[in-house]
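First chain A sits with chain B, and in the next complex the same chain sits with chain C.
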Partner chain A sequence: MLDLNRVQKELKEIERDKASGVTVQVIGSNLQRLTGTVQGPADTPYSGGVFIVDIQLDDQYPFTPPKMRFTTKVWHPNVSSANGAICLDILKDQWSPALTLKTALLSLQALLSSPEPDDPQDAVVAKQYLSDYPSFQRTARQWTDTYAAKGRADHEEKVARLAEMGFDRAASLAALQATGGDEQQALELLLGA
Partner chain B sequence: MMSSAQETTPAQVFPLMVPADASLGAYDGYLSLSAGALNSKLWMRLSSLPSRPGAPLSESCRLEMGEPLALLLEGYEGLVLARLKECTTVAAFFLELRTLLENILQTRPSCEVPPPSFYSGLVQELDEVGWDHLVWLQEDLAALRLRLSDRAGRDHELRVDLPAGYPATPPSVQADLPREVTLHWPPGSSLTSVVHQYSEAADSCCDLWECLEDFDRECSVMEPEQPSRSALFRRIAVGGHSSLVVTLDPDNPRSIPECRFMGSEAAVAPLREKLRSNRHLWDDERLTRVNLERVLDLRLPSQTEAALDDISANCCICYGYRLLAHPDQDPTLGETPDINCENPQCGRPFHRACLVEWLQSNNETRRSFDTLFGQCLYCTNPITVKALRAAF
Partner chain C sequence: MGFNVEIKQWRAVAAWTWNAGDDVCGICRMPFDGCPPDGKYPGDDSPVVWGVCGHAFHLQCITKWLSAQTEQRCPFCRRPWEFKAAATAPVQEEPVTIQPQPHALQLPR
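This part shows the complex of A and B:
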């Protein structure tokens, strides 16, 4: 069984420390599916963007790492440009219960600042990063402007539509973020929860 | 026994148990006992008796019984089965069963009905005590709860069980008090005497409660979670992931209490030393908490301060204090985080079970017999823990 006590305390802590720049929202009533956001770090091609992370906790959490995946498209050597899968040691074998959802999201933010092209998730991006850095930066910037900055305005409209159906605004936004903005899937998530 | 059983017939033991078929393969009816109150209620049927003479009844027989009999034999099922195994004739089994039942009935508490004067006397006594002190009265008036106040205005409840022979036999009284009260019961005593004696006992504990309630108000008390009036100890957070268990002396609540420090040795040893060297600063006029803070030269963190992560005494893996083995476990029996990292800069507490689960899943961990040698997951200082063999 998932350790609800710990997850609730973690959420409270994130709520309290608004300055950290990361947020976590609960979808529905069980705490196994969450959605987080990470601010793009300044002085990087990701600045100004808000990146949404789908978080799934299994029953062994905090003994096992949370499953995290970007639902916002990101151009980064350690993030799959196709499905948002993340290559980061603390989400795999370097996880320990001393880490939290907050520290994991902050690590994602740090990963955006300092890519590790030698241990890539997306070989194409990594190759471009190493061989043609300026065009890597251009593409990353473009993706941020296209997906991470506009994503919010896009959601606003959909949130308004879901709210009209009688769903809670915060829950609607969380559901949309978890499904990468797919309104139909978000609706199913909200109904299933 | 065998010989006497052979001479006896089943009908001589239980006349109302009659053969249910011509071949004597089954008996059906009611058991009659010398104390007649239950007769005609104890239905039993013994069927498919073994046809081979000399065979133990348990070989094939089937025993059925009605609810009253089953209730009476509750807890003795094993004994009945053993008798079926030993006995080779129905009469022998009936004899054994009769002896067993009569023994059970004798040891059962009697349900005598008290005389009418019991009730009129009780009403009179309650008039005397004052009906506003009565919190609850059992349907048959054999037990009641009384409320009384001590001189500091704390409410206390007494549970009084009245025996059938009351008021000649003294009542049994239960109260949530730290000291046992021996009820003094000379002839002519009544509920007023009970209230009087227990009020006095409660008054004598007021100073103790004042000291304990001061802990509850000013400190972060980890145990007991809901302190009862009889609890003499408090486990309080002292900061730095450590805690202190103080046990007060009910006769001398303001004297130096028994202190037990819990936490990493590095954090706790200086406190122990201070307690020893500053004993002369203890002032028996002050509250225990004030004295402790003075002698230990620290301020005990309040409830809200102790909730902050760096001084919390909660387990640093599951973030909880009590760890229940399963959801239905009594919350006061759950494991507490009593294993601390020995690094003085860290000192974080863990539940044994949480730490074992983590260390076992970590491939840095080495194991020797049932001891796990691993690293503190916060500071990588070596940490050892005995694995619980039963659980894994």
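This part shows the complex of A and C:
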């Protein structure tokens, strides 16, 4: 059984702490599918970007790590440029139940600041990072400007349509972010299908 | 002039708390004085245990975590987990407050 009590406490805590630079939004009616956002750290090619993270909690959470994946495209050695899969130890064998969604998202933010090219998720990006750092920076900046800077604006129209059907605006946005902007899938998520 | 008060009956009310140095269990985030998700009653049914590293958790919570791990480590400091012997666990040092209920004090007629 998922520890609903703890997840709800975590959500309240994140809600209270507006200064942390991370947010989490519930999608639909159960607490197993959530959408997080991480702000790109200053003085990195990710600054100014808002990166959306799809979060799934299984029945054993917090005894198992949350499943996290970037739905915003990110050019980073430890993030798959194809599907957003993240290589980070605390999301795998170094998870601890003393960690939370907030600390995990803050760890993602720290990962954006300090890539670990020797333990890559995306070999192509890692190779470029090590052999041609200026090109890496250029590409990462370009991806941030293209995908992370206007992620919200892109969904405006779809959010409006979902809101018209009677769904909460924030939940609609979260669902769209989780599905990479697919309106039909977002609708199914909102309906809890 | 003497005024003798004879206490015929009194009721004591005592407050208890786990002296865990923290209010909530780091695993379930519920107060130590309350129950973990699997517990029904606070107190002896939901005991708090300490590791030698000094970190405390509900017994149910830390047991569930340790049983799923190959390496037994404290969720907070990642030091190898060993239960601290009960006798050396911190003892409640604050005096227990006993408050006689006003209505229980009966003055002689």
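By our rule, the second predicted complex is superposed on the first by the 192 of 193 C-alpha atoms of A that agree within 3 Å, B and C clash if a C-alpha of one lies under 4 Å from a C-alpha of the other, contacts with A are read in each partner's own complex, and residues count from 1 in each chain.
FYI, a residue touches a chain if its C-beta (ideal position, glycine included) is under 8 Å from a C-beta of that chain, and two chains touch if they have at least 3 such contacts.
From a predicted model like this one, the values you see are computed outputs, not experimental measurements.
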Chain B and chain C placed together on chain A: clash or fit? clash
- Message: Is A:Pro97 touching anything from chain B or chain C once the two structures are fitted on A? First, second, both or neither.
- Response: both
Go through the superposed model and pick first if A:Asp3 touches only chain B, second if only chain C, both, or neither. both
With both complexes superposed on chain A, which partner does A:Ser114 reach: first (chain B), second (chain C), both or neither? neither
State whether A:Gln184 touches chain B only (first), chain C only (second), both chains, or neither. neither
Can A:Phe63 be said to touch chain B (first), chain C (second), both, or neither?
both
- prompt: Who does A:Ser29 touch here: chain B (first), chain C (second), both, or neither?
  reply: neither
Clashing segment of chain B (vs chain C; choices 188-196, 206-214 or 278-286) is 206-214
Footprint intersection on chain A (chain B / chain C) at 3, 5-6, 9-10, 62-63, 96-98
Chain C residues touching chain A in their complex are 26-30, 37, 61, 64-65, 68, 73, 75-76, 78
In the complex, chain A touches chain C at residues 1, 3, 5-6, 9-10, 60, 62-63, 96-98
Counting only contacts in the complex, chain A reaches chain B at residues 3, 5-6, 9-10, 13, 62-63, 96-98
Listed in rising order, chain B residues that touch chain A in their complex are 309, 316-320, 354, 357-358, 361-362, 377-378
